[in-house]
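Each of the next two complexes has chain A plus one more chain, namely chain B in the first and chain C in the second.
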Partner chain A sequence: MSGAIRLEKLGKPVVYVVPDVFVCDAQSSAEDNGMPGLRLAILPGREYYARRINTKEIEPIALSAIDQLISGLTRPLSEEEERPKQKYLKPTETIKIEAESYELALEKFNQLFIDQHWGSGLPLIPPTKERVDWMLTGTHRSPQEIIGTVIPKNGIATIEKIAINSVMAGAKPEYLPVIIAALEGFLDQDFDLLHMTTSSGSFLPAIIVNGPIAKEIDMNSGIGLIGHGWRANNTIGHAIRLSLINLGHLWPGENDMALIGRLSSHTFFTFAENEEQSPWEPYHVSLGYKKEESAVTVSTIGGYTSGLTILGGGAVEIWSAQSILDRMTSLISGNRRIFGLFKRGQANPMAHPSRFIFVIHPELALELNRLGYNRESLQKYLYEKTCIPYENLTPQEVKGLEDRIDASRAGDILRYDLIPSDRLPIFQEALQSGEKVPVVISPHDIALFVAGGFPGYTFAMSYFRVSHVTKKVEGV
Partner chain B sequence: MENRIENPSEDKLSSKTSIALEVLNPRGEIAPLPYLGISPRLKDLAGKRIGIYWVGKQGGDHFWDVVEKAIKERVPSASILRYKGPFDLGESMAERLAKECDVFLYGVGD
Partner chain C sequence: MITVVNPRGQLPPRRLIPMASRLDSIDGKTIYIVDIRWPYTQQFTEELQKILSERYPNTTFIRREKAGPYGEADPQLWDEIKEKGHGMILGTGH
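After this line comes the complex of A and B, so read on.
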């Protein structure tokens, strides 16, 4: 959409071609990009996707669009298209709900909020001023402080608005600093929130908490860590869900196009590292934070292909440290997206390098520790063990990596496909006989957390755009 | 504002409004963005250079192959240039393409 608008701004008539199911999304995006009158040619989605398999099948659909395409480029502009009127309405600060009883008022409130697309589908707590003020006692930060804007419609995220959504989610004031830190992670310029929240691929966020606050607010890091039954885990995730809806003005089928919804869509994968049972320093300490500080790491998890893969552990099958390490290395080295034939921004997920999170159950972490591994050496082991001998690359894979290196040098590459300048020599030198080529851009892209109970499972989550972002919990 | 839980059975007997629940708006304010109009259209496409920009999603090339052929039949004097790239083609590519074409068909987007 923004590309079509760039051409329009250069004085070129454009028709944006879109299947009907994405019309609302396209119109919304045109508004978000400041050109609400961008002309669309609309295809019947019900037939387009099924019949694009070859030219013979798609021919009737394409031919039926020709009049729209030509008309869109030649039909004179209407006054509204030439000079669109600003539709901005300042939102009211409060909403008043009247009823004969509190129960009826609560019901009216919940129905109103879901009808307005302000809810998540679960029951909400009314964000009265008193309750929001109570929520704000959880942080020293000013209610008016702005932490950023939330895509797709760039709603302004103030601490107060986050607190309102946190009340609705059922959170407690002491959770608020964690919720704010998680949102700061999602709004970081290195994080691709737009793709996660709007793509048809049904991606979802992971929110992992480290440091003393996790225990203080009673977060689960043991059995059932990504499940229900823990107020902190569940309502922190729900507060993020509601904040994305209300600050980003996001709604399924309108601009959130996750075709099958999302795993754990209301509360996401929200858990704490099991620091008590881990033999290693906490994850955030390995990044340079102090042990007495708390931090939240956010990441995206693949939707229908790489959401969660169990690698071993549990109470049924026997396992060994080596058997799970072998599965970890197999999972990483089997993912050769970094060698994908690279074209700048082409819609080819197979050419976007992957990033991994491994959640290691405490029994395995203890065993690995006994074998002499710490987080850093295990990360190094996985990184080195998964390198591919140069001789095993196909000519197409070599070309793919060479193209990626060239594009990274020239800066002609999307940021999540980029090999950073400090890593370029490693890849350049690996492209020769006798060398081994990494399949991840950096060891940092293999994040290792210890969580789960006794027994537990070790599992993997991966994604292919941005890496994991960690933010310090502030304002407690 | 009054936040009290009444006996539901009492409510059934009462027809007057007795609760006013005032809640804060959860929506993030959107800073008003200046809206721009679209570019003037051409009278017709005869002799014009038509750019087809495709975002590379599978099967889109089949769609555009048919469109290209049909437009050539409809407007034989027009020339068609095909491009492939990301959703947002970026500033430098936009400037280059704008020099090479008079109008654009952009997508298929989803």
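After this line comes the complex of A and C, so read on.
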């Protein structure tokens, strides 16, 4: 898309070819890039996806596009295309809902908000000024403070707008600092929010809370930790869902192209680390935060990478610490495919290095602690155990690794595929006899949390190695 | 009656870009067909080139693959099209 806009700016007419299911997304993206009239040639998606596999099958689909292509290149510009007009006006600050009774007004409000694409599909609490003011008592931060802009349309995220969406979600004021911290994580430059919220890959965030605030607001970190029935967990997640919709101007099938939607799409996976039952220091403390501070970690997971994989534990299954460690290493080792699939200049999601989150149930954490592991040594164990001896690499894997190293050194690489400069020497030295090549770029790409109850399950979630950010909870 | 406040994030003003003038006709022109390189876009863009070349013999259709990962620019190709081309067909967007 950006290439099409670039060529138009250089004075060359462009037609962008897109299957019908992505037309709204393409138009939205063209608008976001300042050229709402960018000309499209629209393919019948049902036939295109079914027949694109070879040239013989695709011929009728290509034929159907020819007239659109020629017209797109030659039909004179309309006045609007020559001089596009600003579409967006300042939105109305308040909306009056009139009805014969409060119940009817509530129903009318909910219908209006879903019709406007301002809701999530679940019933909402009306964000009256009084209720928003009440929500804002949960933070010392100014309502006018801007924490950033939210993609895809770069809506401005003020504390007040976040509070409005938090009211709608049914949150309490004391949850607001957690909601703000999570959104600050999403807006961090190391977080690819555009990919998480718009990709057809159907990803979702995990939102994990550490520190005293988790207990103060009664977050669940035990049995049922990613489930329903806990107001803090569920409405914090819902407030973030609504904030992403309303601050980013996001909507499924328009610019949120998640093909299957998302797991836990209304509340995401929102839980706290079970610090009371963990033998180890809290996760945020391992990152350098103080124990008395609170922090929120946001991390993209799921989609076609891995939603959630249970690795062992439970009330009836027989398990041992080693059996679960073996499943962890097996899961990481499976990512060896990235070695051979990397091709310079190509964007192949299957070649992106991964980051793994392991949520370890307390019983296993206690056993691992008894065996002498702490968080750091377990990270190191998993990292080293999954390294592949150089002698076992195929020629294709060696070539892929060499190309990845060269492209990383030259800076000619997608950030998802990059080996950072501080890790490059490790990979360079590993490509020789007697050495081992890591499957994960760094031990820090293995994030370990302790959560769940007695009994519990240990489970894994993964994504590419970007988009994992921790933010301190401020303004409580 | 309920009065509620608007939950939408204010959008910043956008700089709108005028589109390039269209061609009078494609006769005698060079049109680039640029493959974004999603799965199977090679087959589709090759077929487009074949059909267009047969139907418009007075036009040169050059098929090129965009270098670099999806979402990243290919400035060399854009410069080449600016210098040698009259228009571009880009596809497919997924």
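Note that in this section the second predicted complex is superposed on the first by the 463 of 476 C-alpha atoms of A that agree within 3 Å, B and C clash if a C-alpha of one lies under 4 Å from a C-alpha of the other, contacts with A are read in each partner's own complex, and residues count from 1 in each chain.
One rule holds in what follows: a contact is a pair of C-beta atoms (placed from the backbone, for glycine too) under 8 Å apart; a residue touches a chain by one contact, two chains touch by 3 or more.
All values derive from a computational prediction rather than experimental measurement.
Undergrad: What does the overlay on chain A give for chain B and chain C, a clash or a fit?
TA: By the criteria stated at the top, chain C and chain B clash after superposition.
Undergrad: Report for A:7: first if it touches chain B alone, second if chain C alone, otherwise both or neither.
TA: both
Undergrad: With both complexes overlaid on chain A, does A:69 touch chain B (first), chain C (second), both or neither?
TA: both
Undergrad: Determine, under the contact definition given at the top, whether A:221 touches first (chain B), second (chain C), both, or neither.
TA: So A:221 meets neither chain B nor chain C here.
Undergrad: After the superposition on A, what does A:197 contact: first (chain B), second (chain C), both or neither?
TA: Neither partner.
Undergrad: Using the superposition on chain A described above, determine whether A:100 touches chain B (first), chain C (second), both, or neither.
TA: first
Undergrad: By the touch definition above, which chain A residues appear in both interfaces, chain B in one complex and chain C in the other?
TA: 1-4, 6-19, 22, 26, 31-32, 34-39, 41, 43, 48, 52-55, 58-59, 61-63, 65-66, 69-70, 73-77, 81-86, 88, 90-99, 102, 105-106, 109, 113, 118, 126-129, 132, 149-150, 153-158, 161, 164-165, 168, 200, 242, 246-249, 257, 345-347, 414
Undergrad: For the complex, give me every residue of chain B touching chain A.
TA: Answer in residue numbers: 1, 3-6, 8, 10-11, 14-45, 50, 53, 55-60, 62-67, 70-71, 74-75, 84-91, 94-95, 97-98, 101-110.
Undergrad: Sort out for me which residues of chain A touch chain B in the complex.
TA: 1-4, 6-19, 21-22, 26, 31-32, 34-39, 41, 43, 48-49, 52-55, 57-59, 61-63, 65-66, 69-70, 73-77, 81-86, 88, 90-106, 108-109, 113, 118, 126-130, 132, 149-150, 153-158, 160-161, 164-165, 168, 200, 242, 246-249, 257, 343-348, 414
Undergrad: Help me check something: in the complex, which residues belonging to chain C touch chain A?
TA: Where chain C meets chain A, its residues are 1-26, 31, 34, 37, 40-41, 43-44, 46-48, 50-52, 55-56, 66-74, 78, 81-82, 85-94.
Undergrad: Which of the residues in chain A end up touching chain C in this complex?
TA: Its residues touching chain C are 1-19, 22, 25-26, 31-39, 41, 43, 48, 52-55, 58-59, 61-63, 65-66, 69-70, 73-77, 81-86, 88, 90-99, 102, 105-106, 109, 113, 118, 126-129, 132, 149-150, 153-158, 161, 164-165, 168, 200, 242, 246-249, 257, 345-347, 412-414, 417.
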